[in-house]
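Going in written order, the chains are labelled A, B, C, D, E and F, and every chain counts its residues from 1.
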Amino acid sequence: MRPSGRNLSQMRPISIETGVMRHAEGSCLIRCGNTHVLCSASIEDNPPRFLKGTGLGWVTAEYGMLPRATNTRNRREATQGKQSGRTQEIQRLIGRSLRAGVDRVALGERQITIDCDVIQADGGTRCASITGGWVALRLAVNKLLEAGTLTRDPIVDHVAAVSCGIYAGQLVVDLDYAEDSEAGTDGNFVMTGTGRLIEVQMSAEGATFSRDEMAQLVDLAEAGIAELTAAQRAALK
Amino acid sequence: MRPSGRNLSQMRPISIETGVMRHAEGSCLIRCGNTHVLCSASIEDNPPRFLKGTGLGWVTAEYGMLPRATNTRNRREATQGKQSGRTQEIQRLIGRSLRAGVDRVALGERQITIDCDVIQADGGTRCASITGGWVALRLAVNKLLEAGTLTRDPIVDHVAAVSCGIYAGQLVVDLDYAEDSEAGTDGNFVMTGTGRLIEVQMSAEGATFSRDEMAQLVDLAEAGIAELTAAQRAALK
Amino acid sequence: MRPSGRNLSQMRPISIETGVMRHAEGSCLIRCGNTHVLCSASIEDNPPRFLKGTGLGWVTAEYGMLPRATNTRNRREATQGKQSGRTQEIQRLIGRSLRAGVDRVALGERQITIDCDVIQADGGTRCASITGGWVALRLAVNKLLEAGTLTRDPIVDHVAAVSCGIYAGQLVVDLDYAEDSEAGTDGNFVMTGTGRLIEVQMSAEGATFSRDEMAQLVDLAEAGIAELTAAQRAALK
Amino acid sequence: MRPSGRNLSQMRPISIETGVMRHAEGSCLIRCGNTHVLCSASIEDNPPRFLKGTGLGWVTAEYGMLPRATNTRNRREATQGKQSGRTQEIQRLIGRSLRAGVDRVALGERQITIDCDVIQADGGTRCASITGGWVALRLAVNKLLEAGTLTRDPIVDHVAAVSCGIYAGQLVVDLDYAEDSEAGTDGNFVMTGTGRLIEVQMSAEGATFSRDEMAQLVDLAEAGIAELTAAQRAALK
Amino acid sequence: MRPSGRNLSQMRPISIETGVMRHAEGSCLIRCGNTHVLCSASIEDNPPRFLKGTGLGWVTAEYGMLPRATNTRNRREATQGKQSGRTQEIQRLIGRSLRAGVDRVALGERQITIDCDVIQADGGTRCASITGGWVALRLAVNKLLEAGTLTRDPIVDHVAAVSCGIYAGQLVVDLDYAEDSEAGTDGNFVMTGTGRLIEVQMSAEGATFSRDEMAQLVDLAEAGIAELTAAQRAALK
Amino acid sequence: MRPSGRNLSQMRPISIETGVMRHAEGSCLIRCGNTHVLCSASIEDNPPRFLKGTGLGWVTAEYGMLPRATNTRNRREATQGKQSGRTQEIQRLIGRSLRAGVDRVALGERQITIDCDVIQADGGTRCASITGGWVALRLAVNKLLEAGTLTRDPIVDHVAAVSCGIYAGQLVVDLDYAEDSEAGTDGNFVMTGTGRLIEVQMSAEGATFSRDEMAQLVDLAEAGIAELTAAQRAALK
């Protein structure tokens, strides 16, 4: 039995509220159960230096967590003088994932920065950041299309992410913190709206897993991501 | 005329929503017009090292701002390797102000950290942080009283803050960003619920002001703070 | 009774020795009792980047303290990898205060940096830095006027500062360290030579004060600053 | 055709030379084609603080690259004040992978640090670090067994890693730099000597891949890793 | 001819004023021509950690320079986040030199920190720091002897330092900035009061020198250091 | 007797293997007994900024040590956020020494960076870095000459370095770690192939030495350096 009483393949309730930050070109508050992430998209007219003159755009991401998003207060990264390795790993993943759903030629020489700030954490914050970050990105790009700055839509597909893992010997989807902290094998899956894979990260802390288990975890992820992209569509209506 | 159409002595609408962060011992989301700050209180059973063995407690604060809380995206302090001088100045002010409303003997050897994270900024974020931070502190202390950990209430009075300044030659209260960025003289006032002063910071960037203007600004602040403490009381009911 | 035996409204002996650093465009050693600060002014022909093309000049300040300026050795900030929040707060105050006495159009596109290094500390170092820093600034501007680089004097008035506070229940001026470390309420006042206010910072560490006490502290400050501007005038003769 | 002329499933020549660092408890120089990594294992009698009193041991890793390991000189991380996000991500991966092959109870309360320093880089440095790091670890543990410090072997299986990816539309194993910098999809696979998975990281920079391609890449990895564990065995004889 | 008009073997005027910092256990202001350094000695009752339980004492040094000690303002190290390599090299030299004149058994388990802060620079600041630092050390140790904390004098000899170099083809002593910035070969010599060598640092920036020149430079240094130790003796009377 | 059984004036076996790093313009692995340093030279077509437009070239150096180059593992500088004072001191010495053997006009406006990474340490790593660094530099310059980029050879002489010191009362050359850690007086000597001095650094940690001892140490160094330049010549054949 899962601590939350969910079935093995049952996702947490998903809610995506758009337009929550008045200054951002796109924004949403995504809630996956008790994991809440504020996502915003900021457009800059200039691309990063390494893309000057290439005609290509860029999508990048930054990730943060409020000190008391967690059960016990964690130290503010700004007071520690640097982002942790974990934070950097997560924000690189978010940026890479979102870029896979963007036609960078159609975007043109501009940069969109997705900020994902975890307001409340209960497992799966990186996946919620990708799913919500895509909505913020979609809204910002809509603005560019509406303003006529862009004439061709650079977004080629939905991008969403979910975690799967082996908890107490069972294969489960969308792990909450209670499951995540105990799981032997733990994976994050990023997929498009049409079911293609963008990123697979499976890791067995002090354990191992079989090829068969791997395939079943991808099955679980595929079903979960279909629910997430449906929620994205609903929120954007 | 003020850009917002308010009267000279008119505050922005105040809203204080409590219990917004499930892990924190106390929390609220304070909205002063378009300035929104998430405040949480975290209790630690141990005081900071310099108070070990003194019987005294401590209240401290940290302040942050989401990158896209502002009109143009500002760089995340965690990626810059340090908190700015402005951030440090603000969080020292918040901590000092809240301590003035606390009986540190009654609090006993423990520390309460108030995190104030600006979700959206439109001027007056440090004042909103103090007013909202006090509510989070009050809620956390209530928990200690309810649990019987504390038997005597260490909170001696309300603490709230408001800005006043000289904008376009007029003395105004509760400046928004449009006013704040143009004001010649600019002040922050922290007061108790019974009208005593805790902190006065008046500053004339490239200008000066008279003693008479100073007195009138304190009058404005006094009235504004009465409204804020009323809002605190209402939120805690 | 004050630890030093001074009357409540009695300033410490003030001495300002000019021309003490052969390389600086302006310099002085200011002594307020046992607080000694070395102040220098350095002229740069270029303004900071944010003022390029505006026709405006800039005055900024940096503050430091020798490790053994204090009773027990304090750690050198250069070895700690950063300036403390307190140092940054002080140097921002000094810069802001001095700019209030300068016509930045008349100064033209150049920057003057005031370095204030505390050689010996006995309370009131930020006030001594402002009062001495103004003398260094005056001397540097004199050089520009004598050289014909400037034809109109950008300095519009004296700027000086003094502390006041409530020590042992009494309102006193120009607190030394023994008083400062015990005072419940503590304020720093920056004023012009003609008695206008530039900056008021009053703070009650763990206490509060009334509006009436506030007014009396400003009275004390006003008288003290008159003595300080007289000393500035004498030093510049 | 691959730039190196290799078949799609052809690994680069592997060479593992042991005992190359006289001070280390275990060491080897692993060469996978032109990628050369110096691996050492250092035993500390104390575990990290978070394991004190648990009876468990720890294996951790650090990764570095000489400035001129690459075609153009890259800046030394020590002069940049921090390890890059990429470096941290890699060394976390190496540590996690090696721990999956260790019985931490049998290791007891001690720590083994694996240093992987890339002397020359031509793609696949993190995989070579894991494969070579395991040999260094094996040698260090052998010393503990020979000395009688350990009586039960804490190493439960071989650990080795290889990259696979989609280069020019073809699925290939063990990518060199020329392939790696062009590949649309790129993966790193860590497996045990008995073919169980420890870590799968597949990433499509600006592209996507199908579940079928994913399965074929794992097939390639499995065959490659069998060659690598054979090379480990040969080196240890 | 030397820019200052001095003879080849002529030192600059030396002045050592003691007792200039009221809080320090020992202090002096040393002036070697236009090079002025403020030196203080601070006694701590505990030795650094690596000496706990050894019975040995420690003498260490820190070096700094006011931003406007030089002809053009140099950036404050505290704002740059670290001490430069040059600063660290100098303070290690000062500490090492002074320790050579101290019996660390007689000093016992305590630490004396010598702070050398350059108020005005005109070449030879590290040598002036050593010569003046020794006087501050001597005064601090005298206090320990007078108080009976020490019964045996741990100072075994004078320590002083001078620079020598080859300027415009001539071998000269005690180089000022005009000479130092042009000299092909440049050396710093630290010696005891009885003429034994403690440290020799000779360096030819982009040039070379012969063994015969080396010997002559040591002759010059020996004579100069005799003058410096005489000045130390005079100052301590 | 020396711990290694060598005679007082006997160098350790020297081996210099060239061309060990395929990407570098010049490289070698120098072995002085058990001290092994990997040296590479990287050519950049642009000089550092302070030399733009002067027609002069630059040679600089960076120094590092693998964590397990030493008997007990030392912390990686990249994880400590900065290079130690010792590292900076050493790399400044290497750069300065190599520049003394180069005609910077003939080199023209380009920069050559010498990286010296200690693979294994047993005393004398800075000297081995200079001797090996010169070989890497020589090879890189040869490439520029062969390519016709340079028509005149900017290298004017060999540069090599050796340590000498007083160990157990005896004057010895080329100290290994066992000697170095015990020596009272310790010196590093950098010389040209024709016997001219470039750098002399003699230091007596807690001791002193006489002028006569100094002269004998230079004699020892001179003989040792002749052996080193012979080894350089042999390696380059």
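Convention: contacts are C-beta pairs under 8 Å (C-beta built on N, C-alpha and C of every residue); 3 or more make two chains touch, one makes a residue touch a chain.
Only a predicted model underlies this, so the values are computations on that prediction, with no experimental measurement involved.
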Chain D reached from chain B - shortest hop count over touching chains: 2
Same or different residue numbers at the chain C/chain E copy interface, by half rule: same
Taking each chain's C-alpha mean as its centre, the one farthest from chain D: C
Inter-centroid spacing, chain E versus chain B (mean Cα positions, whole Å): 51
Length of the line joining the C-alpha centres of chain B and chain C, rounded to whole Å: 28
Where chain D and chain F are represented by their mean Cα positions, the distance between them in whole Å: 33
Touching two or more other chains - residue numbers and ranges from chain C: 82-83
Ring walk, chain B to chain C and onward: B, C, E, F, D, A
Contact footprint of chain B on chain A as seen in their complex: 21-24, 27, 34, 38, 40, 42, 44, 62, 64, 66-73, 76-83, 87, 113, 115, 117, 119-120
Of chain A, residues touching chain D in the complex: 82-83, 85, 88-89, 92, 96, 99-100, 102, 104, 187, 192, 196-211, 214-215, 218
